[in-house]
Amino acid sequence: MPANNLLLSSSPHAFAPATTRKIMLAVIIALLPATGYGIYLYGLPALILVIATVAASVASELLFRAAIKAPRSVGDLSAIVTGLLLALILPPSTPIWMAVLGAVFSIVVAKEFFGGLGANPFNPALIGRAFLLMSFPAAITTWHKPLQGIVDAATTATPLNLVKQGASLADVAAQVGAGDVGGLYWQLFLGNRSGSIGESSILLVSIGGLFLLGLGVIQWIVPVAVLGTTALFSWALGMDPLFSLLSGGVVFGAFFMATDYSTSPLTPLGKAIYGAGIGLLIALIRKLGGFPEGVTYAILVMNMLSPFLDKLRVKKYGYVAPKKPAKTAAPAKEAAK
Amino acid sequence: MMTILITLGFSALLAFVLGALLGFFREKFKVERDPLVDAVRGALPGANCGGCGYPGCDGYAEAVAARRAGPNLCSAGGSKTAEAVAALVGVAANAEDLVSVLLCSGTKEKALDKGAYVGIPTCRGAKLSTGSTKACAWGCQGFGDCVAVCKFDALAMGDDGLPKVDYAKCTGCGMCAEECPQKLFAIVPKSRKGSVVLCSNRNVVKANVMKACKAGCIKCEACVKICPEACIAMVNGIPVTDYAKCTSCGKCVEKCPTKCYALLETDVMGKKKVAVNA
Amino acid sequence: MKRLWNIFKAGIIYENPLLMLMIGLCSALAVTTNVQNGVGMGLAMTFVMLFSEVIISIFRKVIPNSARMPIFIIVIAAFTTIIDLVMKAYFPELSKSMGVFIPLIVVNCIIMGRVEAFASKEKVLDCVADSLGMGLGYTWVLVGIAAFRELLGNGTVAGLQVMPAGFEPILFFILPPGGFLVFALFISLNIWLKGRMQKAAAKSAAKAEEVAA
Amino acid sequence: MMKDIVKLGLILAAFAAAACVGLAFVNQATEGQIAINQEKQLNESLKGLFPEAEKFNDITKELTLADPAVKLEAAYLVERGGAPLGIAAKASGNSYGGVTTVLVGLGLDRRIAGVRVLDTKDTPGLGANAAVPTYFVDKTSKTTFPGQFTGKALSDPFVVKEDIAAITASTITSKAITKIIKASADAAGARLEAIAMAPPAPADAAGGK
Amino acid sequence: MTKIFIIALLINNVVLMRFLALCSYVGMTSDVGQSVGMGFAVTFVTVLATAVTWPLQTFVLAPLGLGFLQILVFILVIASLVQLVEFYLKKNVPGLYAAMGIYLPLITTNCAILAVTFENISNGYNFIESIVYSVGVSLGYLLAMVLLAGVRDRIKNSPIPAFLKGTPILFAATSLIAIAFMGFSGLVK
Amino acid sequence: MAVKSFRGGAHPPERKDRTSGLPIEYLRGAKSVVIPVNQHFGAPLQPLVKVGDQVKRGQKIADADGRMTVPVHASVAGVVKKIEPRTQSNNVDGPCIVVEADGSDGVDFLAPLDGFACTKDEALARIREAGIVGMGGAGFPAHVKLAPSKPIALVIANGAECEPYLTIDERVMIERPGDLVEGVALTMKIVGAPKGVIAVEENKAHAVAGLEKAVAEKGRGFDIEVQLLKTKYPQGGEKMLISAVTGKEVPSGGLPMDVGCVVQNIGTLVAMVEAFREGKPLIERGLTISGAACASPKNVVVPIGTLVSDLVAEGKVEVTEAELGRVIFGGPMMGTAVPHYAIPVQKNTSGVLLVSKKEAEHYVEHSCIRCGRCMRACSCRLSPALLNQALVAGDWEDAEKIGLLDCVECGTCSYVCPARIQLVQRFRVGKQLLRAKKQKEAQNACK
C-alpha cells in the first residue's frame, strides 16, 4: 500500500489546459504581425525600440521582485506583453533611453507597486505611454513618414494631427498621397501611414485581435463596444466615423489594451459600459481635447471606473429579490398606532 | 486711526454675534451622550484631520468609547494622546490573567504526513479537504491559522511547524482557540501550575498512534500509574491532570516514553521552551 | 534643556508632521515644484506655528474650554494674515508663486493639531521647542521633495542649473502626478528607515538582555 | 443660560478685537509697501514696453475688444511730456491650463511695442515657458516667445507656425497668447484711430525692427 | 459658466491637480460610501460658505476697507457655520446627521473650502459664478474621493510590497489617477 | 430532439472511452467488508450488532430513530469481527463494522412489495427500511426526498453522468433500461407526478433508443420522455439539470420541489426497484474503476464495504503502483482525494479513480489575472474571482452578497482558472465559517 506520497488535494482534481503563461504567449503571437509590419515600416530603430522596452520590462520586473523578495514572476510572460505593447504605441523615433524609462515606470510603478500581475488598477503600458507623453511631450508627438528610415527623414503630421489642425479628409488624402477619400480609407486600412509603431495596419492588428477572439483569450464585448461607440460618437460630433476608426490607435487599443484583464471589468454589462465609455471619451478628446488622439487617456480614465463596473454582476442562479422589510414594517407601525 | 476703529467695532461685533450664536445653539440643541465619549474627545487634539480613519475626533472618540477602536490611532496627538486615551478607557483589571497552551507536539519531523497536500495553505482548508494532513487526525496542521488571528502578535509559526506562544504577549483572548480547526489550544489561567499532556490524539489503539506520530500519547498510562497524588486519569483517550491535587512533582513528565507530558510553569510557559523565532 | 532638545527632535523625525503624522499634506505637495517655494512655505509655517503656540500657551489658563476652538482659529488666522501681508509686501514674487497656499496655512492641520495637542497644555518654552521642531521637520521634508522634483523635472536646484546641458528634464516630476509619486516614495523611504531603526533598537536591546542574563 | 452665552460672546469678542486691531496695525505698516509693489510692478512692466514713458492714463473704459473670448483687464494711454506714445493693454484669455494674462503695448506706428506674459497657468516646462525669460523660440537670436512680437505690424497675419514661432509642443499656448495679443492690439489700434492719432510718417518708424 | 464648472471639476481638480484637501482625501476614502458621504457634506458646506462669504466680502469687508481681515473672518464664519449646521442637524434631523453630520467636524479644517471662498474673490467671480465654481470644486473633490475609494477597494487584498503598504500606495495610486486626469487637460480652451 | 442545457459550465476531456464499452462485472464474492455506520446525509446511527455476532446478507446492522436516517445492512453473510474507526472515503475516521464472510449464504431480505399497488406510506417505509440514499453523490435519504411538502410536476432521472471517467450510469441505462424506466414510473407514482423525464447527455445518445423502447414496453402507461442534454460539466448538478430540462431555476436557498421537481440518480432508481421487487436492501452498488494508473479499468457492482485494496489484492483490479499519483473516490471534479485505497466503497461511491502521476498535476496558486473565465464558467453565475477576493479579505458581507451560500461546489471555476486558484476549496472553507458565524449570531440574537 503506498503511503504518504499520494497527492491530497481538494476537488476538482483536473484542470483546463489554459494557463497564465499560455494566455500571455497567445497575446504575444497575436502582436507579431503588427510588430513585424512596424519594423518593416520604420526599420532597425523600431526593432531596437521593441527589444529595448521588452528587455527593460523584464529586467525591471526581475530586479524589483528580487529587491522586495517577492517570488519571481517573469515566467508568466506578462512583462513581455507590457513591454511589447509599450513599444508598439510609441512613435518610432522615441529615443531608446526614454522608452526604457517608460518601460521601467510601467512595470515598477503601474504594476509592481500594486502587487504585480492582475493587481494593477491601471493599464501599465498606457501609464508608461502617458508618463512619457507628459514628461517629453515634444519627443512623443514627433512622427515620421513610413518606409523612409527615421534617422534623418523628415518629421510629419499624422492624419489625426492634420484633422486636428482643421484639415478636411480630402486635404489629408492629398497630403498623404492617397488621391481621394476612398483611397485614404484603403491606405489607412492597409497601414501605409505615419503613427506609432504597431498601430498602422488596421488589417494586421485586426488579424491579431481576431486570433485572440478565436482562441477565447479576449471576449468580443469590449472591442465591439469601443469600436461601435467611437464610430457613433465621432459621427455625432461631426467627424467621419470610418476615418475615426481607421486612424490613430483605436483598433489597436480596442483589441489589445481595452481588453487587458486586470484593468477592465469582469462582467458582461460592466464590459459593455466600459467599452462604450472608452469610445465616447476617444471621440470627445479627439474633438475637444488638447490632444489629437485620446485612446490612452480614454482607456486610463475608464480603468478608474472598473472597480465600480465590477459591481454590475449577472443575476446569480435562482436569484430571488430580497423581500423589502418596509412592507412588513409598515403594517406593524399602523398596528402600533 | 479710522480703520482701526472700524476694525475694532466690526470684529468685536462679529465675534460677539458668532460666540453668542454658538453658545445659544449649543444649549438649544444639546444632546445627551456618554460622558466617556466627551472624556476621550477631550483627550484628543481636536485637529479633526481624519487621519485615524474616523470622521473627525468626535467619530473616533465614539469608536474608542464603544471599544470599536484602539487608543493609539490618533497620529496627530502622538504617543501622549494614546496614553491618555488608553488610561481613560482602561479596562478594569482582569480577575485572572489567562494564556493559551498548544496541546500538540507533532512537529514536522515527529508527526507523519498522511499524503502530499496541495491546496490553500490554511489549517481549515487542509482539514476540510483531507480530514487532516497528518496521519494523526487530531494533530496540528501547521499552516498557522491561529497565528493569523492573533491580534497581540503573541503567536508565531516555529520552524518546526508548530505555532509558538509568546507568554509575554499572550493575553488569553482565546482567538486562536476559536480559530484552530483542530481545537488544539487550551485557555488556562496564567498562574496555573502542574502537568499537562501536550497531545490531543484520542485514537485508543497504541499502534495507530505510534504509526502516526513519534511525539504522541500512546496510551501506555505510565503517567497515570506513576503519579503519587493519583491526580491523572484517562478521559476520552487522553490523560487529564487534576490541578487541585497536582504538586508539580514532575514524575509523570519523567516517565512519559514519548515526552509528551510537560510541566506548565517551566516547560510550557517558562523561558526554557519558548523558542524565540528569530 | 535635554527635554527641550527632545521635544525639538521629535518633530524632525519621529513625529515628523508630514512623513509620520501625515497631516498638513496639501501645501507640501502644491508648493514643492521648486526649492525657493519649499523654503518660503516652510518658514511661513514655522512662523505661524511658533507665534500661535506661544500665544496660546501663554493664555492657556484663561481660555475657557467651550470657546477653545474659535479662539485658536482667531489666533492662527491672525498670524497667517500677518505672514501673508508681510510676504506680499517684502517678497512679492514668492508670495505670488505660492498663491492661495499662504492664506491656507490657517487651516493647515499641523498647526491646529499642535495647538490643540501641545500648546494648550504645555509651557511656553516647550512650545517654542515644539513649534520649531515641527516647523523644521516640515521644512526639511518640503525642501527635500522640492529639490528632488526640481532636479528631475527641471534640471535645476533652487533655480541653479545642476544637470548637464544634455539632460532632458522629465516634466512628470514637476507636474501634479509626479508630486504625488515623489511624496509616496518619500513616505515609504521614511517608513523603511523607521523599520530599520526599530529593528536595530530591538536588536541592541536583545543583546543587552542577553549580556545581562 | 443667557449669561453663559453672553460671556462666551464677550470672550470671543475680546480675542477677535485684539487680533483684528493688531492686524490693522500690521496692515497699515504693510499696506503702503504692497501698493508700491503693485504699482512698481505695473510700472515696470509698462516701462518695459515704453521705456520713455512718463505717465499712464487709465483708459480701460474706452477700449472694446472684438473677440469675446479675450477679456480686457486694463488699458493705459502712455504719454511722455503730454504727448502720447501708444496704448498699453492688459488682457486675458483661456489657454491650455486656464487663464493667461498678457500685457501688450502698441505704438503710434501701429506696431507692437512689446509683450509681457504676466500670468499663466499652463504647464511648467511647456506652455508656461511663454513667461520664462530664458526660454527662447529662436536660440540663435535669443528671442523669447513674447519677444518675437515686438515690431510686428497690425497688418501682419499673426498665425502660429507661420509668422509666429510656436513654443515647442505647446501649440495651444502659442495660439492662445497670439490670440490675446492680436485682439488687444487691434482694439488699441482702433482706439488710436478714434482719438485721431495718425501713424507717424514711415520714416519715423524705422527704429521698429 | 460651463467652462468654470468643467475646469473646476476635471481639469483643475482640487485634489488631483491642485493638492487641496489631501488630509481628508487620505483619511476618508477607505470605503466608497464614506467617501460619498464626505463628498456631499463638503459640497453642502462649500456652497453654504460661498453664499455667506461672497456677500460678506463684497458688501462689508471691501466697502469698509477691511480686506486684510479676509482670512480671519472667512475661517471664523465657516467654522461657526459648520458648528451651527452640526448642532442643528444633530438635534433636528438626526437621520441626516447620522449620514452626514459625522463628517462635518472634519470640514472645518478642509482647506479646499477656504480656498474656494478666497478664489471666488480673487478670480473676480460674481455671485452666480462663485456658486457654480464652488459646486464644481466640491464635486471634483467628491469625484476624486470616490475614484480613490474605488482603487482602494480594488487593491485591498493585493500583495502590495511592504514598503508601500498604507499611505504610500494611496499616493502612488493618486499619482496614476492624476495621470489619467491629464487626459482632460485642454478640454476647455 | 432538441438538445437542452444550462448557462455556464465547462467541458473537461471525458476520458469515458476506457470503460464505456465494458459491461458491468458483478464482483460479489468479497471475503470481508468494512461497512461504515454512517453513510448518509443525516443523523448518526447506532450499530445493532456486537463483535462476534453472526450476520446474514441484507440483515440490518445499524439504525437510529428520526426522519433523516436510513439503516445500514450487512452486504455479506458472516461474522462481525470489529467495530472501530476506519478511514472513510470522505477522509474522516468514522465507526465501521467489519464483517468477515464465512461462506454461508444466509440471506435476510425484506418481503417483496408492489410499489404500484401499496399506499404511499408503505412505499416510503419500504424505501427507508431498504436503506436507500441518493447514489448520485450527496447520499440524501431517498424516503425524505420522495415525501416533498409541495406538489411535484416532474420526476427527472439524472442520466447526465457529467463527471469525466465515470460510466456506470451509462452502463445501467444500456444494460437495464427496463428497471430504470420502472424506477421512474415508481417514483412518479409515489410523488404523484404526471410527468417523468430521463435526461441523458449527448455523449450517451446511444442509450436513448433502448430507453425509449423500454418506456414503451415497461412504462406502464406513465408519461415518460427521454431528453438529450448537451455534454457539459456540471450538467448532472441537480439545479443545472432542472434549469436545462424545465427552464426554471430553483430559487436561492430553495429545493427542487420549490419548482415542482424531483431528481433521482440512475443507480438510486434501480436500487428502489430492487427494494420493492426483491425486497433487497441497498447492499451493493455499481461503480466505475478507472484512471491511468489502473491497468484494468472496469464497471463493477460490488458489495457495500468492499475495500478497494481487497479488489487489488484479489487481482480484480490492477494498479500500476509506480505510476500511482492520486486516488480519488468519486469523479475528478467533485470526488475526494484519499491517502490510500484501503477504503471501503460506500452507498454514494460512484467511482474510484487511480490517477497516474502524470495526470495528477502538481500546481501552485498564482495570482488572479482577472481573466473572467471562472465567472463565465460558473454554473450558478456567481463571480468566483470576486468571491475569492472577498474571502481572502475576510469580507463576509460581500461574500454572502456575491452568493457564497449559493455555490454548489461543482468546481468548474477552479477547473478553468489559468492561475490555478483554489477557488472551490476556499469557498468550502468560507461556507463552513460563514455558517458558523451565522449560527453564532443567531444564538446571540436569541440571548
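When the chains are written out, they are named A, B, C, D, E and F in that same order, and each has its own residue count from 1.
Following the convention adopted for this analysis, a residue touches a chain if its C-beta (ideal position, glycine included) is under 8 Å from a C-beta of that chain, and two chains touch if they have at least 3 such contacts.
As the structure is a computational prediction, the values presented were derived from the model and not from experiment.
Chains touching both chain A and chain D: B, C, E.
Using mean Cα coordinates as chain centres, the one most removed from chain C is F. Chain centres here are means of the Cα atoms, and by that rule the chain farthest away from chain E is F. The greater number of contacting C-beta pairs, out of the two interfaces A-C and B-E, is seen for B-E. Mean C-alpha positions place chain B and chain F at a centre distance of 42 Å. Centre-to-centre separation of chain C and chain D, using mean CA positions: 35 Å.
We define each chain's centre as the mean of its Cα atoms; on that basis chain D and chain F are separated by 87 Å. Computed from the mean C-alpha positions, the centre of chain C lies at a distance of 69 Å from the centre of chain F.
Counting partner chains per residue, chain A shows two or more touched chains at residues 4, 6-11, 109, 115-116, 119, 131, 134, 137, 290.
The multi-chain contact residues of chain D, meaning those touching 2 or more other chains, are 7-8, 11-12, 15-16, 19-20, 23-24, 26-27, 96, 126, 172.
Counting partners per residue, chain C has 22-23, 66-67, 69-70, 74, 77-78, 81, 85, 109, 112, 171, 175, 177, 181 as the residues that reach two or more other chains. Of all possible chain pairs, the ones that touch are A-B, A-C, A-D, A-E, A-F, B-C, B-D, B-E, B-F, C-D, C-E, D-E, E-F. Against chain E, in their complex, chain F makes its touches with residues 367, 389, 392-393. Residues 96, 126, 168-170, 172 of chain D are the ones that touch chain A when the two sit in their complex.
On the chain A side of its complex with chain E, the touching residues are 68, 70, 109-110, 112-116, 119, 121-122, 127, 130-131, 134, 281, 284-285, 288-291, 294, 296-298, 300-301, 303-308. On the chain C side of its complex with chain D, the touching residues are 33, 64, 66-67, 70-71, 74-75, 77-78, 81-82, 85-86, 88-90, 92, 153-154, 169, 171, 174-175. The residues of chain D lying in touch with chain E in their complex are 16, 19-20, 23-24, 26-27, 31, 94-98, 121, 172, 176.
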